[in-house]
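Across the two complexes that follow, chain A remains constant while its partner is chain B and subsequently chain C.
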Partner chain A sequence: MESRFWYLWLIHTTAQLGMLLLLPPFFMGLILRLKSIAAGRKGPPLFQPYYDMARLIRKGAVYSTTTSSVFRLGPPLLVSSLVVSGLMIPLGGMPSPIHFSGDLIVVAYVLAISRLAIVLAALDTGSSFEGMGASREITFASLAEPTMFLILISLGLLGHADPNKFGTEWSLTGSLAQMDLITWVHYGPALVPLSFALFVLILLENARVPFDDPTTHLELTMIHEVMILDHSGPDLALMEYGAGMKLMLLTMLLGRILIPHHFDNTLLNFVVALLKTAALCGCVVMVEVGMARLRMKQIPGVLLSALILAALSVVVMLVELGEFQGLPI
Partner chain B sequence: MSEELQGVFLHEAIDILLVAVLILDLLQVATRKLKSAVWLNAVQAALLGLMPLLLSGGELEFHIVSMSLAILLVRGAVIPRVLLWSVRLAPASTTFRSILEPGITLVIAAVLIGLSFALGLNLPLPKSIPHFSDLLVPTAMATIILGLFMLVIRTQAMLQVIGYLTIENGIYLFGLALIRETPVIVELGILLDVFVGVFVMGIVLFHISQAFEHLDTSELSQLRD
Partner chain C sequence: MISVLLGGWLVMLAGAIVSSSGGTWWADSSRVRQSGWVLGLAGAVVGLCGATGILFTGTAQSFSAGWRLPIGAVELRIGQPEALIIALIQLVGGLTVFSRPWAEDDPWDTVAYLVLMPSLGLCLASRDLILFIMAWEMVALAGLLMQRGRGLPEDQFEGHGLWAYLVSAHIGTLFLLILLPLLVLAGGNENALNTGRALLWDQPVKGLKGSAWLWAYVALAIAGFGTKAGVAPFHGWVRTVYRNAPAWFGGASSGMMAKVSLYLMIRTLLQIVPEMSKSQLAWLGTLLMLLGLLSGLLGLGGALTSARIKVLLGYSSVENVGIILVGFGLGFWGVARESWIVAAFGFAGAWFHLINHILSKSLLFLATASVTNGTGTDDLARLGGLLKRMPMTGRAFGVGSMSLAGMIPLNAFCSELLIYNGLFLSVLSLGTIGRDLAILAVVVMGMVGGLAAVCFTGLWGLGFLGNARSHQSETCDEDALGYRGKLVLYYYSLAIVGLGVLPVIGLNISWLAVSGIFFELGGTVEAERTAFEAASELMSFMTLIGLSLLVLTYGLKRWRDARLAQTSTDAGPTWDCGFGYTDNFARGQYSGISYFETLLPFVSKLAMVQIHRPPITEPFPLESRIRVESADGMVYRVYDPLFREIGRRLGWFRWIQAGSIQLYLALMAMTLILMLVWLMLI
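For the complex of A and B:
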């Protein structure tokens, strides 16, 4: 029994790690392709980001004389922190390789480290241009962080509702293992605003329209692109790779919440998860095709709305769980 | 489908509808366009029109069905058209300003929703309907309070009418808790009152927009010949 458990754990971990490491460029390619098709063009091949990355890795890197080791440390730190958080987020309908009580909060902060890596590297170039991008990134991130935590609190409450198969562990795995389609029947009113808030957060975290345009290189509008302007060669490849990985992680989390699934077959689990992620990438593309990016001034308002939706989700979740009885009158 | 599962589904449909009503409240507070404010309010009223059908547990009684239909027709279709007709001649009335910044407005709205949850959950009411939801009374209170809030912060006559209609949506939602006890004639009487009220307000708006070319009430405070 014990050995079988380890065997399963090994398979899950290998599968999750493999997916985490191999697939990010694919989803970037998918988004590019879908966007081209929606615009009436044929678009690049699905695997173009892989070729781009291979090309960038073969090139040498150019470092400005004003940069220090912080600049060189940025890209590896970004990718490694994303891999660590990817090991804690349950992907593909199975428990994550690492889970413990309170990993919800650790995940949020490890994701924050990945952002820190980009921002510090951008500031280290000493260019006012990149400093501006870093400042924008941090401003919007600080507005988005409470939303992230309220979403995680809502999920944690859901996982804590009944003792689950991971005991009463306050973890992402425990919360999501708890979910099935019946959960939507019971906690739908809380999960609907939660999913909307998380989708807005995905668009912001991955610098998509309407918050940032990944294809623009106009200095007044860039947020993410401006921070990686000074990276070249393998560093740029790692930055792009990290961006793809973040997109994949968060969309997979949302896909898991929207349509919870657990099959006994590991392969089937992964195929379903990938289909859901592809569908969500389609949603991102639809937003991108359907609307223009917002003016900088309007972004805090949208983030505020997401925050309010997340707060609503926590309140409704508490009411549905019977934890919140209101003030005594 | 088993009886029990059907009950759970009905209950959840009601809860999701109530959360949708709350989100529509927030959208109405946040929107800056006149047309979208009118139609958001109409959609909210139409959703509320479906509530009696769900709350009665799917039994199609004459009094409940006729009420639903009347609300869908009057609140969802007639009133928004009357309102939009009354301002179609006013030239610069498609956007509006409020006395608060949009961000602060949303934060206050969220606090008000939290307050109505804190107060509304414990209100002692006769829970006579089969699928009574815990969210019903807080949502009704939030809708009433936010309607009042909209009335206060907005300076445009048209939007004050919409604030009034939002309050009426909340009061109607509150009354749903007593749907079995309320005779249909009372409900229809209330609907008629609202309709006549909006009709009169529409005519007033029409005259204001013809006389002044704007609907800003803050500029109507000075008397002149």
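For the complex of A and C:
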């Protein structure tokens, strides 16, 4: 039994790591392609981001004379923090390789490292534009922080919906392993606002419309893109790769919440997870096609709406836990 | 062991006397000052050994001198929690004295530190009222000696800081002068004040059960000790004092004085706790948690309206004291609901964060001293690019500030995680009010964490990265820091990373203090073991995650460097749309207030901020500067109007101060007569 457990753990970890490391550029390509189709163009090939990265890795780099070691440390730190958080988020239908009671908070803080890395690298260039981007990025992220924590509480509470099933640990795996389609019947009213709030956070964290426009060419309107203006060659490849990985991680998490699935077949689990992620990428594209970027002053208002949704989710979750589990309301 | 510690303190005081005599009697005798310094350091080491010994022997040690003070006795007792804080004070204070961030020919800062450390230790050790008050005043005076109106040359409000410090310190003392005698009397010995054994903190208070006066004691303890600790809303002094005091005072105040005050507050509350019912204890937990959350928000609200390193660090202390209070409040909640694992996580997180914050803040203020010594300013609008010119200072500042920004694998996150985990566990175990409070606390702490990230990326990013914004920061160096200073910064950085990667060490050290409180409040051995194992497991996972991050980052960096070694690496200017302004226009970088500006509409409710923009009246305006003024919201909106009103009311009694000696004599005579009548009546 013990050896079988390790064998399974090894398979899942390898599969999860493989997916985490190999697929991020694919979803970036998918979004680009879908956006092009929506705009009536043919668009780049699906695997274009892979070609771009291979090209960037083969190129040399130009470093600004203003920058220091902090700038050079930024891209590796960005990618490593995302890989580590990827190991704590259950990506397919399986438990994540690293999970423990309290990992909800650790995931949020490890994801925040990727932000700190990119912000500090931007400030290291001494550019007005990049300072502006850094200021915007870190400010909006700090305003989104309470929403993130409410979402985590709500998810954590869900982990206690059925204590017989996965113990009582406060972890993402514990919560998501509980979920199946029947969970939506019981906890749907809490999961709907949660999913909306998480979707808003995904758009913000990944610098998508309506918070930021990844295709804009005017520095003054940028947030994320303006911070990586000075990266080139392998560093830029790592930055792009990291951006793709963050998008994939968070959309997979949302996909797992929206349509929970557990199959005995590992391969099937991953295929379904990929299909859901692709569908969510489609949703991101629909938002991008359907609306323009918001004015900077309006962003806190949208984040406040997400906060209210997340708070609503926690309240409803508590009420429903009281109803189904007899917990005090 | 306690005699070793006392010996260390005496040697330090002797060092202070020798050091000061070098500055007064023989003006040029640097050798005398040097001997005083060496003596002080030796005392610090001996004291550290004594305190560590008490910490690890595990039993409280007492000392009683035959010498009777007029209405007190020299009674000392040091348990494990006190020994832990004393050991930390001896360590960081000793390291500061060793690195000597002040001018070498100025003995008074050495003297102030050598007096401050034993005084703080005495505050913790003394169990009798008079000795405590004396030690408490010595702490205030040592702080005064360090400041003595020495702001940076550009500061226009030199001296305001001294006033703010004196007033706040003595308002705090005023509350204590009411509280402590009451506690002595409530300790069961009503003749204590007359018989010379006015002992405190050794026995639980009696006679408060069911009485509403209990909350008056709690309020006095929080106001009295909270003022020096910087607990909101008693933190009004922070901006003015930190702005005007030298950076090493900040290290002493934030790293040492605040922690001692905070612990004394908790110890006083622990003395009252046995008189509380379970529900009252839960309300005490609620009060502490709410004050902690308020401190977190107001601290960062204040920080984000200033662009001065010292002020930012001062406000960040308010925030971190808030986090520690949330931990203690959670602990009390856990005890009230007999959810021992929650209590243990709360207390362990609070104690671990206390240790972490002492280390990080001592490092940050020492690095700030290096910056102010090198550049003459701590204004972010004038700094920039210091990492290149002050490599050791810059790296150490980066480690300290990223630690407080909650970066993994650095120490402060691990202690916050313990508190977070306690909060999560309490959602389902503390009943409805506790649950709601825990959810509120998680959300506010998340927000505080986000704002701290803004604050500290701004501090390090604007001050140390990018281009120099002024001639001062372009031509500075860290020579003033010296070899010793660099060594100390290196050790601090090592400790911060070490505790981040192996937080189980910090947990074990904190647990020495936690277990005492835990058992005192009624926890069982079994509950303590279970809680410790759960906390250790969590910390072990942090080691795994921290190491994974370090190894992966290092591996990726090696891979990238190897790739670049095969291709080419060029150097050029920062991207500037082809205008070539970045290198010649360093002032165009974001700085201070502009970096925080997006948040200003939110935090300006907590502070008064005025931005004076010169009007642009012509197509090609000449050079002009934006001036930003900010004041603490509590001072501006509450204390200032309140004190003015009190001043106005007290003005009614000015007629007494008419300058007439006859009137004064008549008043004195009247007072004496009234007292005689009172004596006759009772």
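Here is the rule we use: the second predicted complex is superposed on the first by the 319 of 329 C-alpha atoms of A that agree within 3 Å, B and C clash if a C-alpha of one lies under 4 Å from a C-alpha of the other, contacts with A are read in each partner's own complex, and residues count from 1 in each chain.
Operating definition for what follows: contacts are C-beta pairs under 8 Å (C-beta built on N, C-alpha and C of every residue); 3 or more make two chains touch, one makes a residue touch a chain.
These numbers were taken from a predicted model, which means no experiment stands behind them.
Using the contact criterion defined above for the overlaid structures, shared-chain residue A:Val62 touches chain C, although it does not reach chain B. Of the two partner chains, neither chain B nor chain C is touched by A:Gly244. Of the two partner chains placed by superposition, only chain C is touched by A:Leu73; chain B is not.
In the superposition on chain A, A:Ile308 makes contact with chain B only, while chain C stays out of contact range. Within the superposed three-chain model, A:Pro95 lies out of touch with both chain B and chain C [touch as defined at top].
In the superposition on chain A, A:Pro193 makes contact with chain B only, not with chain C. More chain A residues lie in contact with C than with the other chain of the pair chain B and chain C. Legend: residue contacts after superposition of the two complexes on their common chain; A:Val316 is shown touching chain B, with no touch to chain C. Chain A residues 300, 327-329 lie at the interface with chain B in one structure and with chain C in the other.
Across the interface of their complex, chain C is touched by residues 57-68, 70, 72-73, 75-77, 79-81, 83-84, 87-88, 98, 100-106, 108-110, 112-113, 115-116, 119-120, 123-132, 134-136, 138-146, 148-150, 152-153, 156-157, 160, 170, 219, 229-230, 233-235, 238, 296, 300, 314, 318, 327-329 of chain A.
Against chain A, in their complex, chain C makes its touches with residues 384-385, 387-388, 398, 402, 405-408, 413, 417, 420-421, 424-425, 427-428, 431-432, 435, 439, 442-447, 449-451, 453-454, 457, 460-462, 465-467, 534, 537-538, 541-542, 544-545, 548-549, 552-557, 560, 563-564, 567-577, 582-583, 586, 588-590, 594-599, 602. Listed in rising order, the residues of chain A touching chain B in the complex are 185-186, 188-190, 192-193, 300-301, 304-305, 308-309, 311-312, 315-316, 319-320, 324-329.
Within the complex formed with chain A, the chain B residues making contact are 8-9, 12, 15-16, 18-19, 22-23, 26, 30, 102-103, 106-107, 109-110, 113-114, 117-123, 134-135, 138.
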